Structure formats: C-alpha cells, structure tokens
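Below: a set of structures, written as structure tokens.
Below are two complexes that have chain A in common, paired first with chain B and then with chain C.
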Partner chain A sequence: MLAAIDLHGFLFVLFALTACVFAAGVLFSSNIVRMAFNLVLSLGSSAGLFFLAGAEFVGAMQLMIYVGGTLVLLVFGVMLTAQHRFLEMRTNAGEWVLSLLVGGALLMVLLQAAFSVSQWNTPYAQRDQVEIDESKSATPIAAALTGVRVDKLEETNPRLRAGKSGYLMPFVIVSMHLLVVLVGAAYLARPRMAVRQMRRGG
Partner chain B sequence: MELVASSLFDLVSDVIRDTKGIGGWLSIAPDSSVGLFIPEILLCGTILAMLVLRLFRLGEKLDMFYVALIGVGAALLVLSPWRLSENAELFARRELFTGLLVYDGFSVFIRGLLLGFGVLFLVFAKISGIPSRYDSADIYTLVLGATLGLCIMSAANHLLVVFMGVEMASVPSYALAGMQKRDRKASEAALKFAVYGAGAAGIMLYGISLLAGLFHTVHLPTLAAQISTMLPQMETPELMVAALAGLMIMAGLAYKLSAFPFHYWIPDVFEGAPAEVGAFLSIASKAAALALLVRVVVGMGTLPDSSETAARDSVVARARQDNPATPADLLAQAPPAQSTMYVRHDEEHAAAETEDHPREDHATPGESDSATSATTDGLETARTFMAKLIALIAIVTCTFGNLAAYGQKNIKRMLAYSTIAHAGFMMMAVPALLAVADSHPQVAASAVSGIAIYLVIYLFMNLGAFAIVAFLRNEMGSEQIDDYAGLLKCCPGITLCFVVILFSLIGLPPLAGFIAKFAVLASVADAFRLSGHPYLMGVLVVGVLNTAISLIYYLRVARVMTMLPEPESRVPISLPLFSVAGWYVLAMTIPVAFLIVNWGSLHRTATAAVAHLLGS
Partner chain C sequence: MAEFFAQYMPAWGAYLLTALISVALLLAVVGLGALFFIWAERKVAGRIQDRLGPTRTGGKFGWLQSLADGIKLITKEDLAPADADRLLFRLAPYVSLAPSYAALLALPFADGWVGWEINTSVFFLLAILGLEVFGVILAGYASGSKWSLFGGMRQAAQVVSYEVPLGMCGVIPVFLCGTMSLTTIGNMQAGWATNWLIFHDPFTFMVFWVYFTCAVASVNRAPFDLAEAESELVAGFHTEYSGLRWSFFFMAEYNSMFVVSGLAAVLFFGGWNGPVPIFASWKAAGGGWEIVADLAGCLNFIGKAVLGVMVMIWVRWTLPRLRIDQVITTCLKYCVPLAAFCFVGALAWQLASLPSPNDWLSPDPAGRAAVREPWVERAEDGAERSGTSGAEELARLAEDKR
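Presenting the complex of A and B:
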C-alpha cells in the first residue's frame, strides 16, 4: 500500500508548492519580520528540493547559511533597530511594475533554459532501471563536525593521519561565541533604553 | 568493505573515549577531554546563567556581579593551578578533543592566571562602579566570553583553534572598547579596533590556509613533523610561500600582542575605553597572546614527545592492520586485552625501525638515517626564521613603546605605550627559547618560565596602576598626568602605592618588576652563551637599554605626583588608603613590593608549569 505512493514525487510537489507559496508570501507581506519568516520557510523548502535532487551538500549549505545564518541575522537586525519606518515596507505601484518586469524576465529566461533541454522534458521510460550514483555528499564534513574524521581511513601516511582532528569542540564552542557576540551587539544597539533607565534612577 | 565499517566503529568509539571517557552515558572521566575542559564549561554556564536569570523577577534584582564572581571562582577552583608546584607529573602533556587543544602545566598556569585575573577584575569593576548595575550583566557576559576565548588561545594545539580562540577573544573586546556609548572617542576607538582586528584576522587566516596547502595539516605537532621532512626538499618558490605564511600568521599574533607595526590601535582604544577595559586588554589579552605565541613557535619549531600523539593514533593503528605501527604506539593507549595481540603481531616489524629513530619513533616507518639528519635541518631552518623575526619585532616593539610613551599627557595613553613596551620585553624570551630549543631544552623551558613569571608580576603591576587611574578618575574626573600634581598631599597612601608600582614597572630592585625583567634577560643571556647567536646579544643589549629609557617617563609621573604643588582650582579629593578602593590598591601593591621575599615559590610553580612543554 505504502509502496504504491510515489514518495519522491509527493515530496517534490510538496516542497515545490511550499517554496512557491511562501515566496509569494514574501512579496505580499509588508511587515519585514513576516517577510523574513516567509523567506525562512521558502528557502527551507528549496533546501528540501536540493536534498531530493541528491545535492546534499548544497541543501545542507542552504539550510546552514541562508536559513540558519543570514535570516537569523536579518531578524535580529530588525529587532535591534526596530523603528516604525523600517518595520513596515510599503511598495508603490512603480516599484511593483519594475520588479515584475525584472523578475518576470528572469523567470522567462530560466524557464526557457530549463525546458530547452529535451532530456529533462521526457520522463524516463523504465524507472526501475534508473541507478542513482553515489554523489559527493556532505557526510565527511558533517561527520568531522561531530568529531569523526572518516577521511582518516583513506590516509596512508600515518603522520598525517595523526594530524586529522575532529571539529567537535569548535563546532560546539562557537555557539557560545555567537551568543556572547549577540549580547554585545544588543548592548551596543540599545542606547535609548540605558538613558531612560538612568533617568528613572536605576 | 568490512574493514571500513569496523574502522568507522573504531573511529566513533575513539571519539567517545577521547571526549568523555569510558563509562555510562552521563559519566565523564576526569582525565577525558571534557573532564579537563570543565573550567571553560563553567564559564559557558555562567554566561548562560547571567542571561537566563534576568528573565525572572527575582533575578532582575540580583546583582550579576555575584553570579559572575561565583562562576569564575568555581572555574578557578576546578582548575586549581596551585597544585602545579606540588606534583608536576599530574600535568603531563596530553591532547584534548582529538588534538585540537593541549592540556599541560603551561596551559593550567596561563588559564589559572586568566581566571585569577577574572576574579580580581570583577572585584575591581565592582568597586570602581563601571559598568553601571544596569549594564553589568552584558559587560560581564562580554568579559567572560572573551576570557573563554583567551583560555582556548592559551591551550591551542591546532591552527584552526588558534584562529578561533583569537576571534573569540577579540570580538567581545571590540564591544568592550565601545562600552561608553555616548563617547565619540570610545566609539571611534572601538570601530578602529574592530576594522583592524578583522583585517589582521583575515591575514592570519590566509597564512594558515597557505600552510595547510603546503604541509597538508594545521595540527601543530604534525605540522612540525611535516616541516622537518618537507622543508629541506622544498624549491625556492615553495619556501617563499612558507615564509610568507609564517609572516602572515605572525602578523595576526602581533596584532593580538600589540607588537610593532600592529600596535596603532592600542593607544586609541586605551584612551577611549574606560580604564577597566584597558586593564582587561593590557593584562588578560597580552597574557593569552604571549602564551599563544609560545604555543605556536614551540608547536611549529619542535617535535613533540612521541608518546602522546601516538596515543591518539592507536585506535586507527589497530583498525588498519595492514599498516603496522610501532610498539610504543600500541602500548601507549590501547586497552590491554586488544593491544597485546597486535603487539605480538607487529613486534618484529617495528623493533628494527625504532632503533633508527630514537627521537621520533612515530615518523614514517622506513626512513633512513640521512632523513633523520635532514629532519633537524628542516626544523632548524624554521626555528631560525621564527627566532630572527620575533627578535626583530620584540626589539622594535619594546624600543618604540618606550620612546612613544615619553611624550604622552594622558595617563591611559602612557600606560598603553607602556603595555606595548612590556609586550615587546616579554617577547624577547621567545627567540631565546627557539635558539636553544633543540640543544638545551632545559634552558629553553626556563625562557618560557621567565615569561610566566613576568606575566604574573605584570598582572599585579598593571592591575594596580589601572585601578589607581580608575579610582582617581572617579574622584577628580580627569586622566591627564598634569592633573595628578601634588597628589601626595591629599591622598598619600594611594600615591605611595602608585610610586611603588611605577618603580616596579621600570624594573628597579628590590621590587617585583626587577624579578620579572631579570628572569627574561637571564634566559636570553643563557641562550646567547649556549648558542652564540649574535642576534640574542642584540636583544639583550636592547632590553637593558630600554629599561633605562623607561625610567624617564615613569619617573615623570612620580615626580608630578610627589614634587609639584597642588593646583588651587582642584576640588578636594578623598581617596584614603583605608577604604575599599584603598584596600584593593594595597592588595595589588603588596605582592609587587614584597615578592622578592618569597619569589622562590613563584619560580618553582613556573618551572613546574613548563616542565612538559618541550617534550623532553
């Protein structure tokens, strides 16, 4: 019963739909924080598409750098400098037209390029015979971050093998560093509160 | 493919054993990586506690000073560096976290110094009232975060960790430098600090990546072994790249050390930031940067004791039966039940090889005797390069700092240049260390112990000086040297303490500063006598000359305070010796004044700390 469901196809449609819907959400929302949250979901879904396509490394990087890093930075930046004129973004008609022109042109070019490759248009006749190559994956990097250097096993020079250290400690401790830096950024970014507090005599 | 699967299992179990030791899920062996890393983990816990406690109504009322003090104090207690002089064997060198960090007497000593400074600094900040209570939690978080980075720097065994530690220590310092937000000068100083710091870090990272490309590793002991065999066979372009990489890494370290020509940020930052931050940057930051410099030059310039690198390797050695390791490797770490079997298996293979390599039995099996002699040549080249480079930097830094301090009108700016000069002076021991690292490891170790002694004494001298500057600022709102005129009249006790500290900063006997300078210069003289390198003579002469130059500007401050008349316009100052601030200053001055009575115990501790540094 379960085998009858085409899991791959189902997930593809799911991720593609969520990516598109939340991308539209970014467009039609005027609050920066909501936009950022929509963008998180949209980028996360496209990371899912990368995983489905077998590009695990790109998917992992998409999650770590865009979803994890850049957007958290954006949200924090907005929260720290939250002022009304930066929080709400109104787009006027001229900007809509201009962005539709530019974005639409890019979309056309991409669609045209994607559909011009004939192999991509026709599905494989015998799906059973499709072999999935062992792709370059993020596994060795991820394993090294948990302290296990799998590439140690392929190293024949015993001296170099001794020098292969796992990156568990930096991976964990850097989170502490980021927390401290965030506290520092928050401290530097809140001038008014301190003054108000001092007037109150705190 | 069975071999791979079973070796992966071995790899994972090796990581677990290395990280937390054998035992149940929650048990942590005291000699495992995490077990020896507890002081740093306590610092992390304190940072978290300071954040979380503020969420509650009760915690809002709590003064975070006590939380921070308890956290740092607990970390110091767990580390307990005072055990060093009792039993140095407890602090034998071992690698933590699969070779990223190193635990030995030196790291315990420096981390003890940093955490001890942390306690003293928190008390100092509490007395002087900067940061205000409202800001204190954030400032303490930054200080503790920076201290965490400094601790990691002082124990680094891998260039990745060197970079990470430098960044972890620097980035919170940038925010600390800009602590007084409404002060334009402070903001400018913080921005300069951050921009130059980012540049220096980038340069260092580029140097590290060049080294990684040339030698295929950035794990310091492995790097030394690679340099020893690869450097003699390198072509000129490759040698140029290696030298460039060394220069770039040194630039990053010199920035942290505030060495010439990377010193320009320090006077601005010290002048803009409050004296409390200046104390932190000039003591803790310098101590960790010097320890890091020692780590890097020792790591890249000498071959480590074979047993401890081999110990980590044994699991992989067991996994790869087709590639026999030496018996020393196997006996060192593998559980007895498994190791005996492979020792028997490998014995005849390896016994013959070890005879050829009495010094480095972990090197590639099958190397001939000629390779062994080339080995020392390669490292000798690297050591001479580093020694001459650091000697030059030290000479210029020390002289420049002392000359530039002469014309300063602001006391914090003067102390900034004095910091630069002292950093240069401490660096002078490093060429001495490198010159005799191979031939006379004992003398080389004594050079490092000279740095360690200097750092402890420097802590008390500079903390005392900055504390007096901060307390006087609180009283009279000025940090100009001219405004200190006639201080002897209104607060004689503090003035006397300041004069004692200034005399000690010059290095006049019988004060502690003399012991510090003597320890460093004696090691340079010893190294010169044993190796005969002329540049060490140059270092020695410049060191002595600089002591004479520094006399002028320190004495000028003392003269202004004691001999000039009190200006009439000044508001009355009351800073008696019998107050909390006075006691604090006294507590810093007493070790400076009377260390000579009992300096043997400090010397013993420092000697025990460096006993295992050079793997001899």
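Presenting the complex of A and C:
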C-alpha cells in the first residue's frame, strides 16, 4: 500500500526537522517567552514522533505534562515575576563554552548509543514488507501497573507471570516521591500564609 | 476509505484525498459551528434579556447575521500595537485555534466515524484541550497591554487548576468501561437510555455536573470568563486584537465548547446511541443500512453536543461572573473533593456489584461486556481464522509489536 510513497518516512523527517529547528530556536533566542514558545513547538513535534511510532499514550502524556503543564507554568511564572532585564537573557562566553561542553558530551553519548544498535544501523532487507503495527490500547500498560503483564502471556515462570514483572513497584516509588514533593511544597508555602493570617488578625 | 480510493488512483493520491476529505469535514464543523453558535448566542441572549436579537440580516430570524459579521471582520484593518511582540502577537490566535481543531481529530461522531482512531482518545482529548490556554497566555503577554496581561494570567491560573477535576471526572467513565477509546465507550452504551453511563449509579450522575462545571471553566465561558471580564479588563486577553485574528479566538472558543459537550455526550450520554434504539436493527443489517444508521447516530451525537453548547449559552446569560478567588475556591474546595468522592463512590459501587437501572430495564443487561476495543476485535477475528485462542493471538500481537 505504501510502496508508492514512503509516507511514514516523510512524516518522520518532517516532525524530526521541526523538533530540531525549534530546539535550535530555543537555543538562539534571548527572550524567555519566545524560548518557551519555541520549546512548545519542539516538544509538540516530538509528541508527533511518538504518535507516528504508535505510542499514543506517551505522545498524549508528553502534550499534557510538558506542553500543557510545565510550559504553561513556566510562562505563568515569567509573567508574574519578570522585569525587563530578566526577560532578555544575555549569556556570556564562559556559559556558552560550558554548555557546549556538557551538551556536546551528551550528544556524543546518545549518538554512540544510537549507532551501536545493529538493527538501526543496517538497511532493512524487505523494506516493502514492513507493516506498521497498529497501536495497542493503554489497557496493557494499566494492567502492568497493577502487576499483570498481559503482554507477557508466554512467560513460563508462573511467579513472574503473576506480577513479579509488573510495574507496580516503580509506580509506587514514583507516587511516593510525588507525595513527598507535594508535602514539601505545602510546607514551603505554609509560613507565608501564617504571617498573612496573623496580620489580618492583629 | 483510503483502500476504496486506491482502486482508482495511486496510493499516495488515495491517502492525500482521504486526509483532505477528513480535514475539510472537520474544518466545516469548526467554521459552520462557529457561525451557528454565535448566531444562537445572540438570539438566546436577546430572548433572555427580553429583546429580539438579530432579526433582519438574511430575512427571518437574522440567520445570516454571523456571515455578515464575518465579512465585516475580514475587511477590518489588522493592527498590532507599537509595544507588542509582533511575532508572538500575530501567532497567538493560531496557537489558540490549532489545539481546539486538533481535538476534533480524535472525537468520534458515530461508530467508527472518527478522523483518527486512537485507543487513548479520552486522554488525548483532555491533553490537547489543555493546550488551548497557551494561545490566550501568549496573546496576553505579547499584546504589551496591562489588561491583556491580567487576562492571560487569570486564564493560566484558572486552566491549570481546572484541568485536575476535569481529568478526574473523565477517569470515571474510563474505568467503568475499562477502556480509553471513545468509540468503545460510546458503543458500550448502546440500547436504551438506561444504559447511559450517567444513569449507571448515583455517583456518575453527580460527577456529570462536576464535569460540566469544570468544562465550562476550562473553555473560559461565563461565569468563569475572567480572562475577558469586560467590566474590569476592557476585553482581557483580546483587547488589542482586531479583524480576523480576533475572530480566531472566538472560533476556538465555540469549537472547544462543542468538543467538551461532545466529550460529555460520549462519556455520559451514550454518544451516538439514542435514548431509544431505533436504528439498532439497521446497524446489525450491515451494508447500506449500516451507513444510514451511522448517519442517524452522527446527527444524534451532534444534537446532544449542540444541546450541551446551548446549556452553556443559557448559563452564560443567567449567572453573574465570579471573582478570581471564588473561581479558584470553586475548583479546589468543591470540584476536586466532589470529583474524588464520586470517583471512590463509583469504584465502590462497581466493586460491590451494586445494581444499576439498566439491569432491570434493559432487555440485554450484559450487552456492555460483549463490546471490545477495535484492536481486540481484530485480534479475535485473526484468532478465529487461524484457529488459535484469543489469548495466544494477543500474545502474538504483543510479540510482533516488539
């Protein structure tokens, strides 16, 4: 069906290019709100890559948490606090060198890792016969969170099948971590409220 | 549909044509929806305030009023204030309209009549509706005006708060049906109105009203329209806009109203399944009859969604605007605890296997259990053909995936 035009490849290049171009836009703009806007487009494009790969849950998660949550809060914070000298960020040469070193090192590690996967490195033999598998529901993920791996039914060890290989433990650890963060945030916000109440009372 | 066109033209042309048809149909929903809802808003507002509303343009009822307004807006000058951040100021209306339009992609209009069939469409819709606020914030910041900035800040605070209870309300139908696919959730409510999820138990009945409140707040409508607040902020975030850019914000707003009402219709009111199952036998007959049944279902769905929008219009012209602290109080002190209580209550109801009205009144109370997600159905079809069990076929699919 897709033999005449490599639609998937075209869309992949499109999303990857927009993600990279707007990521460079984040790097080279000096206005925080424009940076945030570039970051929205860049993260949105990478969400598009997830949708293209059939991982809709991850893509929607990317949109909800990073674009709809974090960046809205970022711009909100900028609008609440920023004076003009904070809105325009000037980076000096030392910062450029340091960030190039750190970013370049990370890029090297990622490139090395990407090229060490042999399947990604060699051209696929029967390219025409590759079928894009249709995406699955989030139900297996949810079942795995409760400890049941419906995608691992061929597992012969019954103890592993019954939940030892689920995501329950990491899930609980992450939620405990979030709970601690929430309690911490509430604690940090508390004294100021107490002061205000005292003033109002007195 | 792409397979159908591929018989007559090359594959890329078939894909392009299919995509163009879907896009054009959904754009028609946005455009015509905005025209109709703005006219309806003015008529309803007029009647509520004991006047007539538009009466002259287009003969009776002033039904061409929105079109005339649209032509006027196109001819207006496109201005940007001197202090504005030009690029962001010009882009903001599109940033507002694009997510609102993209939300329509995953919203099913009838069984299988959806732009993009994904299995996590509830989550996708909630995620993408949360992005619309970004256009408002950008407009508020980039206008270089105090009023706009205040409007944008209020909107950011409001939307970030209301996303929490909205998500919690959306989760309850998801776990009652065991799926995030809107098509499947809609199909599970087939049959009589008793099968609608709003009548499942008292908690789902309660949570619908919480959902509706949060939906009104999340699409920035009165009594939660603090970002506009014309009595204090001139016009809020769109103070500095004129012409077609200004109207894009309103197209986004009316389209979002339609989307959240449509989501409510699928999650709580059976989507395309009417109060009375008139077309159920036609649907089963297949072929051309099935298309007629789907068309009736589509009209049914649009009717329910339009009804939801009409209630929002009615609420807007009835209730006074809240203060910002009252808005946040409504969300954090009432909507979130109520949604959480209903969540636990509906969960307990399901766990204790307490009865729902459908058990007594429906001829087929166990019908919901027979509805499967589209990919599971295909896996079971494949299992029947190859003579393996459904579980093996699922495992094979999962293996292919890796």
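A few comments on the model shown:
Note that the second predicted complex is superposed on the first by the 125 of 202 C-alpha atoms of A that agree within 3 Å, B and C clash if a C-alpha of one lies under 4 Å from a C-alpha of the other, contacts with A are read in each partner's own complex, and residues count from 1 in each chain.
Quick note on the criterion: a contact is a pair of C-beta atoms (placed from the backbone, for glycine too) under 8 Å apart; a residue touches a chain by one contact, two chains touch by 3 or more.
All figures in this text were calculated on a predicted structure; none of them were measured in a lab.
Once the two complexes are laid over each other on the shared chain, residue contacts for A:L7 go to chain C alone; chain B is not touched. By the document's definition of touching, of the two partners only chain C reaches A:E56; chain B does not.
In the superposition on chain A, no contact is made by A:A93 with either chain B or chain C. Applying the stated contact rule after C-alpha superposition, one finds that A:G184 touches chain B and leaves chain C untouched. In the superposition on chain A, A:I173 makes contact with chain B only, not with chain C. By the touch criterion stated above, A:V75 is placed in contact with chain C alone, chain B being left untouched. Look at A:V117: by the touch rule set out above, it reaches neither chain B nor chain C.
Residues 150, 152-153 of chain A lie in contact with chain B in one complex and with chain C in the other. Against chain A, the residues of chain B that register as touching in their complex are 4, 7-8, 11-12, 15, 18-19, 33, 37, 40, 44, 47-48, 51, 96-101, 132-135, 138-139, 141-142, 144-146, 148-149, 152, 158, 160-161, 164, 167-168, 171-172, 174-176, 178, 181-182, 216-219, 221-223, 225-226, 309-310, 312-313, 316-317, 319-320, 323, 325, 362-365. Touching chain A in their complex are the following residues of chain C: 2-3, 6, 10-12, 15, 85, 87-88, 91, 95, 118-120, 123-124, 126-128, 130-131, 133-134, 137-138, 140-142, 149, 152-153, 156-157, 159-160, 163, 178-181, 373, 375-376, 378, 391-392, 394-395, 397-401. Per the touch definition, chain A reaches chain C in the complex via residues 1-5, 7, 31, 33-34, 37, 40, 51, 56-57, 59-61, 63-64, 67-69, 71-73, 75-76, 78-80, 133-140, 150-154.
Of all the residues in chain A, the ones that touch chain B in their complex are 146-150, 152-153, 156-170, 173-174, 176-177, 179-181, 183-188, 191, 194, 197-198, 202.
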